[in-house]
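Structures for review follow.
Below, chain A partners chain B and then partners chain C, in two separate complexes.
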Partner chain A sequence: MSTVSENYVPGHAAAAPQAGAVKLTMVLSGAVFALMMVFGLLMRAAQGQWIDLDAALFYQLLTAHGAGMVGTAALSGAAIMWYFCGRHLVLSGGIFWAFLGLFLLGVVLILGAIFIGGYGGAWTFLFPLPALSGGAWEAGAAAAFMLGYTAIGVGFLLYYLELGRRIHARYGSLVRALGWNLILGREDNDPPPPAIVAAAAVTIFNSIGIILGAAVLVASLVHLLVPGFEVDALLAKNLIYFFGHVFINASIYMAVTAVYEILPEYTGKPWKSNRLFAIAWNAVLIFVMAVYWHHLLQDVVMPPWMLVVGQLVSYFSGIPLIAVTAFSTFLYVRGSKMTWDLASSLLVLSVAGWSVGSVPASIDGMISVNKVMHNTMWVPGHFHTYLLLGEVAMAFGFMAWLVRGKTISQMDGLDRAAFVTYLAGAAGFVTVFLFSGAASIPRRWAVHYEEWLAHDRIGTLFGGLVVLGTLVFVLRFAARLGRREG
Partner chain B sequence: MKMTVLALLAAAEAIALRQAAEASPIQHVLVQMPLLVLAGVLISWDMRGRRVWAVPLLLTALTAFLFWMLPRSVDWALTPAGETAKYLSLPLLLGVPLRLSWPWLAPVLRGFLKANALSMLGVLGFLYTHAPLRICNSYLVSAQQDLGFAFLQLAVVLACIWAVPVLFGHPRWLPSGSAGCSKCGA
Partner chain C sequence: MQPVVLFISLILMAALSAVFVAAARASRGPAPGPGASAKRSGLIWVMTILGVIVSVASLREWPHALAGTGDALEVNVSGGQWWWDIDTTEIPAGKPVNFNVTTEDVTHGMGIYDSDLTLLTQVQAIPGYTTQITYTFEEPGSYQILCMEFCGVAHHDMVNEFEVIAAEG
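After this line comes the complex of A and B, so read on.
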């Protein structure tokens, strides 16, 4: 057992800015994560023919699961980054509440569109599917779904505008906050800490993504309301995947600030920005926007050079992550005699899971592989790896740290059981997905052949373990929220 | 005085573009109309607006902006009545209120309006380049498509203009963009 003060002296006031708003956001995030995992479990059980699920309901659950998980990953990531940026910047609480209010408004619209309007066109709302339901839903349901996205997008835009302007006010420019002085070897008496470097990069690329996403959302809305107005399908797909890819990646890049700010409490070594770190984050800024073409490798009408860039950047985009965050985490942890409690265990696991998840992503980013693998379970396998074992683990680690108090203790029996259950469940769950992909089992099918049922059923069992572990994490967090620090 | 002369010059240039506006939607929507708005901004450059007026003035400006965004309004602006309305409303109901309200707006709201302008230019570009019919009866489909591409180009230019000071810091030779305006009292 140790205390924070024994082994870590923060270089800044470790204040708890707007901790109430952040804790409420994390409670909501945890609850929605658990609910969406139950939706996922229902879908896997239905594919394994253990339960009977109407196909229309399956696609509604698929849509809710996709939109809900992406949205909640982003919400929890945003709360984490806001919390840690608040240690270095003075942020407006009103903006965070407006962000949360708009997010919840979006959730209401999306849930209404799906479970009242029957919308089941997947979270990607690819043109022209929302308008071509074959009678499964009305245009109004698809419009409500897109208005929900628009509300969430406006909330995030306000969030990034506030963050961006505060970073600009504190550091004079975003490039300084991105560590350009470190890169260029210029003297800087007040170099940006890792959380600010990450925040500056995410603010830039996710703002661009949201602005382009808003354009395609409104154009799709116009098409829904006035069907005569066609939208160029290929341009729409490019914009949607740019927005979607950037948005989901941003959720991880926001949540990783928890690793930068919390792990030093355990290792006793502050995590500082240096030249390599700044170069890596500047590379991330470019790569995350240039890599989205790997989602369009099967669109043969795309210019070939774009697809080649998509493949090459898929290889390169793993390097900054693995070379800097994962390798640095290894160095920080090695020989530090840190205490392994639930928070530190989940945070280290999250970096490992994120890094491992980039491997199947890079494999699917190869044009020759993508031709046969893209529409298989391989793809949910890779993104569940870096979400379940990456972003979601970061969020749960942050939640465990928020209610930890000042004393750092080894995990007790329940924490250890929950951690092992979650780790075993998630690792098994994603491995089954990857095996299913390698066996050419298609993704997004509500009804599976007999030959595929073994995969689905094993996946369901592992999914059950994930839900169990998650319930313990979330209930433990909620129960300890009101407890006094000790 | 200098600003008044510049305002008159902008208005005169807009009126001189009357024929060109009839021939090309780009000249109409992206040159003549912005010149009229600019005339309104310049004529009110040294006026002082009050904080309590900021929201009503902004709403007035946005309402005028929304009205003139409609393709039907663009068509109407080529008729005698519409032309008169355009020459009066764009400077007085869009340019002047925007200038008087802008210094009082919170930075986040200004950023939101700019980001929304970029998104809407993208939407207009989307629609004008792919509309299956003539949106404005006064112009050819090919001219309409040119206007759509011009909207997209304008979005890129504005994005660069607005992003550069944020990315690289505010140039010292420019007046402060976010700290209000001493002349107008903000």
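After this line comes the complex of A and C, so read on.
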């Protein structure tokens, strides 16, 4: 077993042995992001009646888009965090390959379930919908979909077990890695850097989320095999939304390590852990798990105190994001004389998009507002803001940094055009969603009324810009991967 | 309510975006002064106080409060793939209505829309449970029930309607 001293390898070199695996993961992530965006574009165009999509195919695309985007956000976030934790820990390359292999196995099962088996029960597999398709798909397709999730979940658990044990070996405990010496004002000559604090928190909450997700997956699978095996639908919904909420949030909290580790190269100011930073991350650890009830605000049979907690935490979880992460970004950037290349621009944009997206999310977290906004287009409006302009921008920023080379220079014409196209497209795309939500347009409808078509068509145009910008980012990354650093 | 929610959201989102743009532009300016920490503390306090005020104001009256059974009309709504069944087709305006909502198969969402396609209220229909909401219709006219929770391949066809009639003088 490794000792603490054996584990500690400072500096960038520790990441080098697995940089290839991380780069491959980012190529795959970029390609899947682009493909899933095309699926999204097709759905918006179909809602706008610009193309004709059969409803069954629409809901299959919806399922693939949801599962694919959530999975790829998590995959890219995991690769980013692994890369930067490799600066502070020695991590097993075999575990990462096993994680990636299980992820790809899951992707094959999920794509087969959807496009061969016809499964279209949405990424949320809300019990008992997978077993009651109304003739649209067979139980085998639903089972394959959920086995795909299971394979991905097992891969992530391996990933977190490796991270957790290496953090424990290096820092003595996860509590210390969460910055409790900083919080309590105790002397610590080797405080955990921001990436490790983030890794410790995400390891804890996403492991819990995946285990609870596994519980409801197993129950749903048994229900498919033995229909007489009943599960309480409300309990299953709680487990699914706990898992789903924690998992997608974990993807952002993993990817933000790119901001902590890369921006200092530009600003010349290291991003250090301090007492406030540690308090914020420990608050996040609790808030991420306590806030999922905001997904169940219209499930009125839930105990009222849970819905109240869902509303309160929905708002107050914005404080560590805006007053700590966003505010710190302002301070790091201000007066830094930093060079705005594609990587730094996307990373600062990602913090902005994440923060700005929290505004409509928090407002939707109010029970009285949620009564008229829940499951309208308002919801994709806010989550696309903090994913498209948040996590995905972090992933693209990291990719741009990976192939940047040693010299930092201003964006060239193509990079600038791609950045502006992506930003304008994404901002317009999410704003249309918010207007559609305010116009009461329900989400996840394959067929839209005439009154809604203008929204869908404008959204489609902005979506086209997002796809265009993304293609440039991904192709540019792939083209530069093979080059030597210059 | 929706236009107000949209307006407030867009204002706050625009303000936060403007702060980021200003910060990016300030990268060429002077470094932050020693007062930055105090500003951060101030921001935390402002957000906390605002949160307490908004939370108390929005929860003081429970948003899911039901009208007493003696004062309200009881209407039963059941859903299934892919239909809504309502046990009455005419509802009087001005009188609280308690909707008792059930489902025969998967989870659905009962959203009540007015003739302008504005969502008035909603509640989830959960297998094995009866969920209840109260709503008072002010205007006579045609209203629709749309499904708000994805429930399968004909989710978008799960629509029914009812009439609200003028209250008897």
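Following the convention adopted for this analysis, the second predicted complex is superposed on the first by the 470 of 486 C-alpha atoms of A that agree within 3 Å, B and C clash if a C-alpha of one lies under 4 Å from a C-alpha of the other, contacts with A are read in each partner's own complex, and residues count from 1 in each chain.
In this text, a contact is a pair of C-beta atoms (placed from the backbone, for glycine too) under 8 Å apart; a residue touches a chain by one contact, two chains touch by 3 or more.
The model shown is predicted, which means the values in this text are computed figures rather than measured ones.
Participant: Examine A:Ala219 and indicate which partner it touches, taking first as chain B and second as chain C; both and neither are also allowed.
Facilitator: Once the two structures are laid over each other on A, A:Ala219 reaches chain B alone.
Participant: Report for A:Gly228: first if it touches chain B alone, second if chain C alone, otherwise both or neither.
Facilitator: After superposing on A, A:Gly228 lies in contact with chain B but is clear of chain C.
Participant: Which partner does A:Thr376 contact after superposing on A: first (chain B), second (chain C), both, neither?
Facilitator: Only chain C is touched by A:Thr376; chain B is not.
Participant: Would you sort A:Thr407 into first (chain B), second (chain C), both or neither based on which partner it touches?
Facilitator: Neither partner.
Participant: Taking the superposition as given, does A:Arg165 touch the first partner, chain B, the second, chain C, both, or neither?
Facilitator: After superposition on chain A, A:Arg165 lies in contact with chain B alone.
Participant: On chain A, which partner's contacts cover more residues, chain B's or chain C's?
Facilitator: C
Participant: Given the touch rule stated above, what does A:Ala446 touch, chain B (first), chain C (second), both, or neither?
Facilitator: A:Ala446: touches chain C, not chain B.
Participant: Which chain A residues come up in both lists, the one for chain B and the one for chain C?
Facilitator: Shared contact residues on chain A: 232.
Participant: In their complex, what parts of chain B are in touch with chain A?
Facilitator: 107-108, 111-112, 115-116, 118-120, 122-123, 126-127, 129-133, 159, 166-169, 178
Participant: Note which residues of chain A are touching chain B in the complex, please.
Facilitator: The touching residues are 92, 95, 154, 157-158, 161-162, 164-165, 168, 172-176, 204, 207, 210-212, 214-216, 218-219, 222, 228-232, 235.
Participant: Per the contact definition, I'd like the list of chain A residues that touch chain C in the complex.
Facilitator: Residue positions touching the partner: 55-56, 59, 62, 120-122, 124, 126, 128-129, 132-134, 136, 232-234, 237, 276, 296, 298-301, 304, 307-308, 311-312, 315-316, 318-319, 322-324, 326-327, 329-331, 333-338, 340, 348, 351-352, 355-356, 359-360, 363, 366-369, 371-376, 431, 434-435, 437-440, 442, 444-447, 449, 451.
Participant: Given the complex with chain A, which residues does chain C contribute to the contact?
Facilitator: 1-3, 5-6, 8-10, 12-13, 16-17, 19-20, 23-24, 26-32, 36, 40, 43-44, 47-48, 51, 54-55, 58-59, 62-64, 81-82, 105-107, 109, 111, 113, 117-124, 126-133, 146-157
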